[in-house]
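Below are structures written as structure tokens.
What follows is chain A paired twice: with chain B in the first complex and chain C in the second.
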Partner chain A sequence: MSAALETGFANLGPTTWTVLAATSLFGAAAGAVGSFALLRRRALFADTIGHATLPGVVLAFLIAAAVGLPPRSPALLLGGAALGALAALALGLDLLRRTRLDADAVIGSLGGAAFGLGLVLLGLAQSRGDLETAGLDQLIFGSAASLTRDDAIAMAALALLSGALLVGFGPRLTALAFDEPFARTTGLAPTRLDTLLLALLLLVTLSGLRAVGMILVVAMLVLPPVAARLFTSKLQPLLLLATLFGAASAAAGTLASGLLERVPTGPAIVLAAAAPVALGFLVSPDRGLIAGWLAERRLRAETLERLNADRQARALHPPIPRPEARA
Partner chain B sequence: MSDALYTVLAADVVPLLTALFTAWTCGLLGMFLVLGRRGLLADSIAHSVLPGLALAFLATGSRHPGWMLLGGTLAGACGALTVHLLERYGRLERSAAIGATFPVFFAAGLLLLERTGGGGVDLSPDCVLAGELELLFWVPPRELAQLLEPATLDLLPRPLFLCALALLATAGFLAALWPRLTAATFDPQFARTAGLRPDWTQAFFTALVAAAAVAAFQAVGSILVLTLFLAPAATARLLTDRLGNLAVLTLLIATLAVCAGYILATRGPALLGHDLSLSASGTIAATAGALLLLAGFLGPRRQGSA
Partner chain C sequence: MTANASEPLELRGITVALGQRTVLWDVDLTVGAGRMTAICGPNGAGKSTLLRAALGLVPLLGGQARFFGDTFPSVRRRVAYVPQRESVDWDFPIDALGVVLMGRSARLAPFRRPSRADREAARAALREVELDSLERRPIGKLSGGQQQRVFLARALCAEPDLLVMDEPFAGVDAASERAITKTFESLKASGKTLVVVHHDLKTVAEAYDDVLLLDGRAIAFGPAAETLTPENLQLAYPGPFSGAARAAPSPSAADR
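And now, the complex of A and B:
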């Protein structure tokens, strides 16, 4: 270990360890919740949720400042973030139900529009020089370094809450993800369970807001489950691996950003989470890039051989040349 | 020339034109993204161009638009290719493949910017999100007669030319590829049997989206680029069932969103007696979203297949 890293570790105070524990818990919760979102094809709703927290946060800040409450309290900002995301989700789901637009168009448009509104409000808040707005923009890209003990505890509480809900509702969500008709006939309400899944996504997003930031938080709900999916096709190992990948990458990213100069936390965590995906995609035997390419080649060669054997049997000469020879 | 006119020329004309050119470019391309149900491809491309911009700056040490365009387009194409490979060989569902790609590219870009200083304000994280629309001012001549002389036009900010070029190129390519693109979008099977090479058409179209995103990126920011790709086209989709009408309506709605948003940002606070201006990128994006919601509740063609 280099000298710089050693002094870095020495500089990590007790708060840092709390923060590290909190981000790891967030990563674990994101991996687990993200697995169900991936199976139910709801992963990108987290993108809208993340973007739409900005107007809520800034509005909560402005209102609190106007009525004389402490505008920077974590509970207030998280509450605002939740309301903003809920409003966008409600509008988006309504638009999806009411119109023929697909989820892609709705998610992209509303996420961008909500974030634009948030930027306008943020500018408004910043232009009022009497308000202490520093730190609001840290929610956009995330910064674990600025987390206080209270922030870390709020983060951990949200992550634990979503974990507990997941343990309680896991079997039902599994039934819904794999066999919706079955879930319906056994008396489960798919609409309500989907709402629960979105609520879980919201909880995890809120938990990661301060550390990863609202733009990149979607990555922590997608990358760990995708990595796990590349390594296994069974549900239990998938959940376990995704939780593990999420926690490990969140911890690694937080540490890297604490120890190294000029490494922002959010991007560091996301890049750490991308590493197992990249590895899995290269080497996975049934979903890997190399294996897939080889399998395609083999299939092409086999098909050609079979075709030519058939032509020969029916005395249709000459055989079709291999593509390489044709060129 | 009166003072009022001079102020408008100096402060408003260039940002407004830049935003309009961007909105038209993105709207025309976004139409086919919405029709093909591939809207979030724009999301992944708009975010993927960032590391390309940063690397191009690192490699050449200049922020010349040519290098930016090259680096950004290559990175955007890499992003789209990654999504394609993850779908094809990783057998991931498309939204998962997109979600696993664009935040990673964006994170890599942010990290590169942070590590290198990014070459000043133009590539700072804030600017990446909201663009620099407000910074595009111009020093017009005092006399109207000098307005179109080469010397004064030379003073116009470069992003305006880049966005105008992107618009011209997009319009030209779309006009040339219209039959192929409609075939590839509405009926890929037919396009294949008719020998229209839909895969190549789509790949070329994707590159066009990436180039448009880069051209628009520095002027209006990644958030507005994404919104302009999807919101006006989606809004128009709720108003009509004809492709030609869709194009016209998309352009009209994009124009409305840009003009209303821009006026709201620059003149709105003054009307309420405040002396400040809002982020024009933000108000335009929010206006485009509001128009979409309005069409979602009132549009005459809300139902049916996409």
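And now, the complex of A and C:
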């Protein structure tokens, strides 16, 4: 095993380190943006965004092939992904405004329908023997191994852009997420800020498309802030922890899939991001299973002790045995 | 009291319909500078909606609201709103000082951080409501009364001339009630204007200058002693044996 790892590390070329830096930046941006999305209860929009990139990508590919452009150029595919996601978002927001459907119903149906459309288009494209479709389906589950240096740089740029926007508008997004009526009386515009938040979700999704894939990118927006929330109840530490968890899990997943054959990158990254959540559920000082169990046990013991002392004082009944004795 | 163009708050003919219900019917209110005005009335009388409508948070069907003789957006810096405590999720990951700072940071330009002066103002506001020792505590771990005081401090931090408050005494402990009352007194002493939705009729008469008795429409408005007459109270709070009062035209009565 260790010999395999050693040769694995030896095989990691300079491109791999660039890719590692890029996925880490993506993870950091996802953790930070995801924190605000979660606070504003918009995290699941990322699911629609992710799924709706597929029909956009495949359509862009088909159109480019039809008019004779290089159909697999990264810029073209990213543009297609963005347009697909924007179309789905516009449709979703319009549905929410005009109908009385709940957000979760709209999000669930749109994401699924868009993804179905994407898969059908992909099938059609693949059934044409003359088109070189290999690589398109890599966007579904992600593949860091196939990333070039340019891909990694584009990815890092998108992640950095979303980070910069967050630095600028984070305080406003926080005020809006905490107390919308108050935020409105101070002059903040909820529609514009929510649009910005969706744009940030889109940036992060596009950034993670090649490495993590469109299905799992939503997990990278949700898992790091959920984990961070289990360890702190304050805003700055939460943002810091979520960013850190995102970056670390992206790095760990990328390394794991680079070193171990047949381990796909996206799933490895997401599993690494799930680890601190699982740990937090157990050991979180406020919300963990263990803390809750201990507090309940202490309360029961104290109540029984007080009750028995009271009964003894009044010489009424024999004491109730402690619960441990019954087990 | 005559209407003056530059009164801190002047409502004329406020009419609001929300969903299936006409909530407010042609309500007038004039709040004089430096005065403390209570808005009282039964549940569902539209007290909170009146504040929200005035601040532009709820669409008006008719009427207009003027603040200091102007529209709300052009003078919003002079006005601070304290919503009902139940209107937010207190599990939000932020500490007391963080919430209070929102009173100032929300109006900073993008990419600007709160200055030292902003932080000082936030600390002073927390001192004012006697919570300076808890500034780093997550808000979820504060008592209901302490949460209410944090809300009040967030409004104070913006240094407004007019405070508009929705049920600041609802569900607060005795210590918080004392701290809030003390803050009201010092605000009044420094010439600020307060409009407060208040549910406890017993304490209204002694604490407030004016009272608006509301039940969908304005039943009475003026100095507390003249407003809280048995006849007016009977109109606002019809008891089980007051069929006659119940039959009086009231837009909300039919829905309750």
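A few notes on this one:
Note that in this section the second predicted complex is superposed on the first by the 291 of 327 C-alpha atoms of A that agree within 3 Å, B and C clash if a C-alpha of one lies under 4 Å from a C-alpha of the other, contacts with A are read in each partner's own complex, and residues count from 1 in each chain.
The criterion applied here is as follows: contacts are C-beta pairs under 8 Å (C-beta built on N, C-alpha and C of every residue); 3 or more make two chains touch, one makes a residue touch a chain.
What you see is a predicted model; the values in this text were computed from it and never measured.
When both complexes are overlaid on chain A, chain B and chain C end up sitting side by side without clashing. One of chain B and chain C touches more residues of chain A, and that partner is B.
In the superposition on chain A, A:Leu202 contacts neither chain B nor chain C.
Of the two partner chains placed by the overlay, neither chain B nor chain C lies in contact with A:Ala251.
Contact with chain B, but none with chain C, is seen for A:Leu110 once the two complexes are overlaid on the shared chain. Of the two partner chains placed by superposition, only chain C is touched by A:Val167; chain B is not.
Contacts of A:Thr185 after superposition: chain C is touched, whereas chain B is not reached. In the superposition on chain A, A:Gly288 makes contact with chain B only, not with chain C.
Once chain A of one complex is fitted onto chain A of the other, the partner contacts of A:Arg229 extend to both chain B and chain C. In the superposed pair of complexes, A:Leu271 makes contact with chain B only, with no contact to chain C.
The superposed three-chain arrangement places the nearest Cα atoms of chain B and chain C 8 Å from each other.
According to the touch criterion, the shared surface of chain A, contacted by chain B in one complex and chain C in the other, consists of residues 229. Residues 33-34, 37-40, 42-43, 85-86, 88-93, 95-96, 98-100, 103-104, 106-108, 110-111, 114-115, 125-126, 129-130, 223-224, 226-227, 229-231, 233-234, 237-238, 265, 276, 278-279, 281-286, 288-290, 292-293, 296-297, 299, 302-306 of chain B touch chain A in their complex. The part of chain A that touches chain B in the complex is made up of residues 38, 41, 43-44, 46-47, 91, 94-95, 98-120, 122-124, 127, 137, 140-141, 215-216, 218-219, 221-223, 225-226, 229-230, 262-264, 266-268, 270-271, 274, 277, 281, 284, 287-289, 291-293. By the touch criterion stated above, chain A contacts chain C in their complex at residues 39, 167-169, 171-172, 174-175, 177-179, 181-188, 229, 232-235, 238. Per the touch definition, chain C reaches chain A in the complex via residues 52, 55-57, 73, 76, 79-81, 83, 87-89, 92-95, 98-99, 102-103, 105-108, 110-111, 114, 136, 138, 140-141, 154, 158.
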